[in-house]
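Chain IDs A, B, C and D follow the sequence of writing; residue 1 opens each chain.
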Amino acid sequence: MTQSIPKRDEAFRPGQTALLLIDLQRAWLEPGADPDHPGSAEDYFYREAAQRVIPNNERLLQAARDNGVEVIHTIIRSLTRDGRDRGLDHKMTPIHLGPDDPLALPVPSLMPVNDEILLPKTSSGVFNSTNIHYLLRNLGVRNLIVSGIMTDQCVDMAVRDGADLGYMITCVHDACGAKTQQRHETALQAFGGYCWTADTTTVAARFAALRS
Amino acid sequence: MTQSIPKRDEAFRPGQTALLLIDLQRAWLEPGADPDHPGSAEDYFYREAAQRVIPNNERLLQAARDNGVEVIHTIIRSLTRDGRDRGLDHKMTPIHLGPDDPLALPVPSLMPVNDEILLPKTSSGVFNSTNIHYLLRNLGVRNLIVSGIMTDQCVDMAVRDGADLGYMITCVHDACGAKTQQRHETALQAFGGYCWTADTTTVAARFAALRS
Amino acid sequence: MTQSIPKRDEAFRPGQTALLLIDLQRAWLEPGADPDHPGSAEDYFYREAAQRVIPNNERLLQAARDNGVEVIHTIIRSLTRDGRDRGLDHKMTPIHLGPDDPLALPVPSLMPVNDEILLPKTSSGVFNSTNIHYLLRNLGVRNLIVSGIMTDQCVDMAVRDGADLGYMITCVHDACGAKTQQRHETALQAFGGYCWTADTTTVAARFAALRS
Amino acid sequence: MTQSIPKRDEAFRPGQTALLLIDLQRAWLEPGADPDHPGSAEDYFYREAAQRVIPNNERLLQAARDNGVEVIHTIIRSLTRDGRDRGLDHKMTPIHLGPDDPLALPVPSLMPVNDEILLPKTSSGVFNSTNIHYLLRNLGVRNLIVSGIMTDQCVDMAVRDGADLGYMITCVHDACGAKTQQRHETALQAFGGYCWTADTTTVAARFAALRS
C-alpha cells in the first residue's frame, strides 16, 4: 500500500474539513463569570478575549458556515448536576459546570446554529473523553482546524492528540488565547511541530476556496 | 501484583454497581412507531415487550433507584438532524432517529429522572461509539448490569465488549428481548460465557442487598 | 458533507483492503495441544479445521499475498509470562498463552511472512484490546476481510465491532469454524446483518481482481 | 456514589503503582546514532542524558524492581520494516525505527528484564497509539510514574493524556530531558497542573516505602 505523504500545510479538502472551536464558553470569557478566576475586564486574558480571540473565532465561524465547512463546538460541561461523571483530573482541580448552567454555553456570538454538533467534555483533551474520533470518521474529516482556549491546555491537547490519531491539524494562532502572553506563545512553539500554524485571515481564505 | 480472580457471579459492590438500560425507546417498543417494522401489538416482539421486557425493566429501575445504584440509559439517536454523524453501519442499514424526535426517547415508564445519564449512540455496541468506558471509570463502576433490546444485537455487544474491557457483566435475561424467541434464546447462549446470566427477581434482590 | 452510502458487498478497493486472520493458532487447531480441550482428531471441530478451515485460510492468504492485499494476523497471547496483562475475562475463564509458547503461534502454513503484522491479544474482540483501529487507519484500510476461529466468539466480535467502527466488513464463512456446526451457523446468521458474507472462492477472486 | 477526592501527591498504593519509562532508546541517547540529529557528546542534550537522565532512570528502575513496582517501557518502533503502520504524524516528520533495528532498543542499562512489558509505538502520545490504557487497567494501576524523553513531547503527552484518563500521574522531573534546558523547564511548567512533579530521590524513597 503506497501512500503519498502530505505536507502539513496541504490544501484543505472539500467535504473533509472541519472547524473545531474549543471551550469558548461564557464561564471563561465573561469577566467575573468564573468564581475561581474573578479578574477584571482589564486583565490581559479578558482584553485579548474581547479584542482578538472572540472576533477571530467569529470570522472563522462565519467563513466555515458560508462555505460548507463542518463546525464542531466543544465545551467543558458535566453530564450530571453533581459532576460525578467528570474525569478524576477535573474532580481534583476542581472544575465543574453543570448540564443546566447557562455559563457553560458558548458566548452568544459563537453559539451553535442549525445542525452543528456541540460536545460536552470533562477533560482537557477532547479526544480523551468524548467520541470525537468516532464522529470525525463518520463525517469523513481529514483536515481539522483548531482554535479557542486555553492555548497551552485544551487547544494544545487537541492539536497533539489529533495529530497522533492521523488528522491533518491546523492551529489558528490568533484565534487562540491563554492566561498570559508568554503561555500562549510558548505553547504555540511547543506543539508547533504537530500542526500547521496559520492566522485567521489565511484560514478563512482557505475556507472560501473550498467553495469555488 | 497479585490479584484475586473473581467469580462471574460475585456479589455486586456498593458504590461500584451500575444498571445499563439499552435502547428501550418508543420507536422500537410502541407498535407502529417504527415505519420500517410496522407490526401489530399481537406480534411476538410487542407482546413480549409489553408483558415482560418493559415490566421487568421497570422493576430493575425501581430497585436501582431505591438502593443507590447508578443508572445509565442508552438510546439510538443521532446528534444531527440529517444523521451525518452516524456510523457507517447505521447509514447503510439505514437507521436514524433525530435529536428532536420524541420516538427516540425511552418509553415513559423508563425515562431518566433526576441526575441519571442518557447516552445517545449511532451504533449497535455502546462501547464502540460513546464515551461510556470513560464515564464508568469516572463513576468507579465495576459491576455492570445489562438489560434491554435487542438481545442478539445491542445487548449482545454491550455484554461482550464490556467483558473484554474488564467489567463484571450481569445480563438480566428476562429483561431482554428480541424479534423472535429463538433469536433471544440463541443469543443468551452465545454470549453466556462472557457474563453472569440472572433474572430480574435475583438482580433486584441484589440491588436491595447493597443498601443494608 | 454529502457522502454516498455504499452497499455491504461493494467492490474491494485497491490499497484499502486487508485480510484479518483470527486466532488460527496451534493451541486451538492441533488436536491435543490445548490441555483444557483434549479432544481427538475425529471430533467435529478438528475435522473441520483440517479439512475446511485451514485449507480455506491458506487459499485466502495466498490470494492476498499474490495480489498485494495487506494481511494482519491476530492471536491470543499474553505479553507477560505470568499473564498479568490479560483482560479480566481471560483471567476468569482462564485462558493464557505466554509470549514464548510455541503453541501460541499460527499453524505453520498460516505463519506471517515478510513484513506482515502479528497482533497478540488477551480478549475475544481484537478491537477492544489491541491498537488495530489505529493501525488500520494508518494503513488506509476500508475493506476488512475476516476469517478464522471461533465463528461465534472472536470472529463474531471482530465483525460487529469493526462494522460499528466504520469498516466495510466481509466474513468468509467457509474459512471460519466453531466447536459445533450449530454454533457456527447460528453465529453467521446472528451477525450477518453487520457484514457481507461470502465464500473463499468469491473472496479470492476479488483479491485477484484488485491486481489487474 | 460518593468518592473521596485525592490529592495529586497522594501516597503510591501497593500493587497499584507502575513506572513508565519513555523512549529511552539508543537512537536518541547515543551521540551520533540518530542520522537526523548527528550532534556530539558535548551537546547539551547528550551531556544531560549521560550525566543526569540515564543515571536517574537507572535509580528509578532499580528502586522499582527492588520493591515490586510494575515497570513498563515504551519505545518508538514500527511493527513493519517499511514503516507503513506508523501514524501519519510520524510519516510526515518523518521518523521510523524498524522492528529489527538495534538502535530502537533501550540503552543497555535500561533494558527490560524478566517479565517487564515493552510497548512499541509510532506516535508521541503512548495513550493514542498503544493499548496501554487496557494494560494498566488489567494490571490494576492507579499511580503512574512517568520519566524519559522528550520532556516537551512524548513525556508531556503521557502526563496529560494519562491525567485525562484518570490516572494519578507523577512526573520525575530530573529523570526527564529535552533538546534544550528551556524546552525542558517550560514543558514541566506547562503540564505541571496535570501531575505531581517530584525528583528521583523522592520517588525512589516512595517505591521503597511500598515494600515495608
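What we mean here is this: contacts are C-beta pairs under 8 Å (C-beta built on N, C-alpha and C of every residue); 3 or more make two chains touch, one makes a residue touch a chain.
It should be emphasised that the depicted structure is a prediction, and the values quoted were computed from it without experimental measurement.
J.: Work out which chains are contact partners of both chain A and chain D.
T.: B, C
J.: Counting residue numbers used by both copies over all numbers at the interface, does the chain A-chain B contact come out same (over half shared) or different (under half)?
T.: Chain A and chain B contact each other through largely matching residue numbers.
J.: Could you compare the number of C-beta pairs in contact for C-D with that for B-D and name the larger?
T.: More C-beta contacts join the chains of C-D.
J.: I'd like the Å distance between the centres of chain B and chain D, where a centre is the mean of that chain's Cα atoms.
T.: Their C-alpha centroids are separated by 39 Å.
J.: If you average the CA atoms of chain C and of chain D, how far apart do the two points sit, in angstrom?
T.: Here the centre of chain D sits 33 Å away from the centre of chain C.
J.: Considering chain B alone, which of its residues make contact with at least two other chains?
T.: 1, 3, 84, 87-88, 128-129, 134, 138-139, 165-166
J.: Quick check: in the complex, which residue numbers of chain D touch chain C?
T.: Residue list for chain D touching chain C: 79-82, 84-88, 115, 117, 122, 128-131, 134-135, 138-139.
J.: Would you pull the chain D residues touching chain A in the complex into a rising list?
T.: Going through chain D, the ones touching chain A are 1, 3, 5-8, 84, 87-89, 91-94, 123-125, 127-129, 152-153, 156-157, 160-161, 163-168, 183, 186-187, 190, 193-194.
J.: Name, in rising order, each residue of chain B that touches chain D in their complex.
T.: 1-3, 15-16, 68, 70, 134, 137-140, 165-166
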